[in-house]
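Same chain, two partners: chain A is paired with chain B first, then with chain C.
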Partner chain A sequence: MDKPDPGALPAPPARQEHSATVTVRYPQGLHLRASRDVVRVASQYAADITAQNLSRSSEQVDVKSILQLMQLQARQGHVLHLQAAGPDAADALDALCALFHRPPSLSSSTAGC
Partner chain B sequence: MGIGRLYTYTPLPHPTQPRDVEPSTSPAQEWQRYLDARQKVDDELAQLAKIDNSLVADIFRVHQEILHDRLLTDAVRAAIDRGISAATATQQASSDLVQMFQNLSDDYFASRAVDIRDVGQRLLAHLNGVSLARQLAALPPNTVLLAEDLTPFDATHLSSDSVAGIVLAGSAPTAHTAILARSLGIPLICGVGSAILHLPPGQLAIVDGLQGRLIVEPDEELLESYVQTRQRLLAFRITAESHSHEAATTLDGRRVLVHVNINSQEDMLQIASSGADGIGLLRTEYLFQERTTPPAVEEQIEAYRLISQQMPGEILTVRLLDIGGDKPVRYLPQMTESNPFLGVRGIRLLLQHPELLRDQLQALVSLSLESSFTGVVRILVPMVSKIVEVYRVLEVLDSIPGYREEHRREGRLQVGLMIEVPAAALLADRVAPLVDFFSIGTNDLAQYTLAADRVNSAVASLASPLDPSVLRLIAMTCQAGNVAEIPISICGEMAGDPSIFPLLFGLGVTEVSVVAPAVPLVKEAVRQTDGDAARRLAANALRTSRAQEVHRLLHPE
Partner chain C sequence: MIGLVFVSHSRLIADGLCQLADQMASGAVKMASAGGLLDEERYTLGTDTLRIVDAIERVWSEDGVLLLVDMGSAVLSAEMALELLPDEKRSRCTISNAPLVEGAIVAALHAGMGGTLAEVNAAAEEALHARKVDRMVGGVKRET
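Right after this comes the complex of A and B.
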């Protein structure tokens, strides 16, 4: 049930599960500061959210952990697979996709982290 | 320059021996101790993040995020539940995480181990009071600190009373470690290699920050000369730094602009205090590397604008992308060259990829057209060896709307050449009338003139920029530039050595561009230079046949 980006996703009856794939646009990849933004957004939701770097065939990691996100070693152009499960899973994925799609502002991408 | 006894600093001992006795307290109490310490560190970081510099502040905010990370917290909690003290649990958990990061294949992500170690150290400092902070604070006077790397946390505990010099095995330290060391006036050299960590502690050593050298167990003569030089430099530095923000004018009244070299946005942090008159060399490679597509015009404009808003003075010299087969980028076809330094690099590469050249030129023209930009954009063309390359760059510029007008409006937009290939120096009189300035890159000029790789230690010493052959090419370039009445700047390591400035000035150089810490020193050298004496010195240097003779002219016994 992978979809390129969010959209109308099938809603399983009991536990809400959703997934999406996003491309890292940050010129310097998902570096510390960008990862912090992702954690901040993800942490606003109750859903369990994981990410996997398809470009590196990485393991699934917890999106609410900056240290785990860094383990993805995601560079610009890498494709990440996001999965969310929980009551607000759809909203969480929408918010994360929006974050990944927002053209990164330069000031936040040239940081020295 | 610092002289002292070696001391090897090992921040977090590797996976801990559970050396402390079982805590007499319960896991619940230990957990509470951990939470208390974490709160204190959180407050500390929040305080630090108030610094009036958004780049540095963000680093502390990221450290706050790491502090509260599940991975760290869960590991500490699990260890405490096994009956281990909060301090040991923290040390173990952060060591494990550091190790895990160091094993990552991607260098950028692997180097983030430093950030984790930093957070771990802050926690430990609160948990056992003992430790690293005190280890650094209690060093005996005249210590030469050897370390793999230093975190900003380490650096905040350094004292210039005890630390005479810092030598790091690892590559570039994080921006604020370097800033902190510099603000304390402690000489720092890095990228020396991990062999230094095995040097016996207590040995006498000299840290020569100017030349980036560590000299262990110097003989008496060498030591004596360094001691004297240090005294002289100290006096010189104090004078220089008290006048760093004043203009530099020679004894005979010639103003010399002393610019600064910049490699990235982060470098802007350290230049404000240097007193630089402007930016003499912005290397733009940082905008192009480690990505899958080249930066669009808009992104480039934003990057240059950001620099221009923070820069001192008026002049922003931007070197066009200078890469070659040794530093490939992913969006250009891979080139396999047996000798990339004699291959497709600099302007040669840009002319093969006209869209890259055009976009970068377009971004620079656009910046100069912006009403908020009040300075001068200087476009610097790297690795020129043929006059036809100059023609072609000028053609592209001519086709960009606004260029001609800006160029004519006295100085708003200028085009200049990097003189770093002997061919360009030899033809300087032919190209000078076509452009607005020259910038002599002495590192490459020496390397190409003497056919010696500066990175190959077997021949590196051959590539001395003081070799008379190189000086003749510099003289030739200056003469051509002076006839055409264009500024002749010089960048490269030799420009940052204040003792060489009189020679360069005597050869006809009119401006210099150096690394930030050298700006005040070179400015002071300008103030002590007399034009006539400098020209006599240059004439004598041009008559020598060996670099050693030039060296003796500069440093008479």
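Right after this comes the complex of A and C.
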């Protein structure tokens, strides 16, 4: 995970920004149920969290919106850039990275609905 | 937690939506389908005001009920169903402008996360403007 250099500009504590890059591992891509889980995890945090599909040069979308997640059109192997800003941004990205790194068989992706 | 009612001309569509939406809510949300019209003990295409009323009653809670509808008489029947409810229940029911399938998916997810009636409907109605495909060929955006 890329974290801002703490020795650089001192950011206000209430607006921490973090980013991470994850690869979509689901065989069916970022499908409906996988996206449901992403929204549920992201919604537990106050941070603003966006995702961009680097493999498609997509626009940034709100990770807490399943409609916008679908717009990433993320297939297996696509690389997503996650950015979070807010007091719990680091924790939010940790949780999302753990979700994306979980083997697809453990994240109810078999039917790819 | 709010309840959801799916109104479609087709019983199969409404019932199928219950199955799909239930998965998005992981079984946490009460939802009911009111699809099709019962004609001499056989379902045909159409909408039935009384079946919508019954569906609302089955999922009713004080938090309210969001109705997702397809088109035409589904909207009219849903409106008439609300008119048959007592005032205190009618005021806690909303007919969504969201497209039926996308709205049901989004509404189930957000209802399951504890959203209010207004919050869930607002999330569902975002589907009115959500693009599904980017105009791309081989990962490159077309100019047109």
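Operating definition for what follows: the second predicted complex is superposed on the first by the 96 of 113 C-alpha atoms of A that agree within 3 Å, B and C clash if a C-alpha of one lies under 4 Å from a C-alpha of the other, contacts with A are read in each partner's own complex, and residues count from 1 in each chain.
Heads up, the rule we're going with is that contacts are C-beta pairs under 8 Å (C-beta built on N, C-alpha and C of every residue); 3 or more make two chains touch, one makes a residue touch a chain.
As the structure is a prediction and not an experimental result, all values here were calculated from the model.
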item: First, second, both or neither for A:Gln28, with chain B first and chain C second; value: first
item: Contacts of A:Ser55 with chain B and chain C, given as first, second, both or neither; value: second
item: Residue contacts with chain A in the superposition, chain B compared against chain C; value: B
item: Partner chain in contact with A:Gln76 - chain B first, chain C second, else both or neither; value: first
item: On chain A, positions contacted by chain B and by chain C; value: 32-33, 36, 39-40, 65-68, 70-71, 73, 113
item: Chain B-touching residues of chain A, taken from the complex the two chains share; value: 27-29, 31-33, 36, 39-40, 62, 64-68, 70-71, 73, 75-77, 106-107, 110-113
item: Chain A partner contacts - residues on chain B that touch it in the complex; value: 54-55, 58-59, 61-62, 65-66, 69-72, 97, 100-101, 104-106, 108-109, 112, 115-116, 174-175, 264-266, 286, 290-293, 295, 299, 302-303, 306
item: Of chain A, residues touching chain C in the complex; value: 32-33, 36, 39-40, 43, 55-58, 65-68, 70-71, 73, 113
item: Chain A-touching residues of chain C, taken from the complex the two chains share; value: 20, 23-24, 102, 105-106, 109, 113, 123, 126-127, 130-134, 136, 139, 141
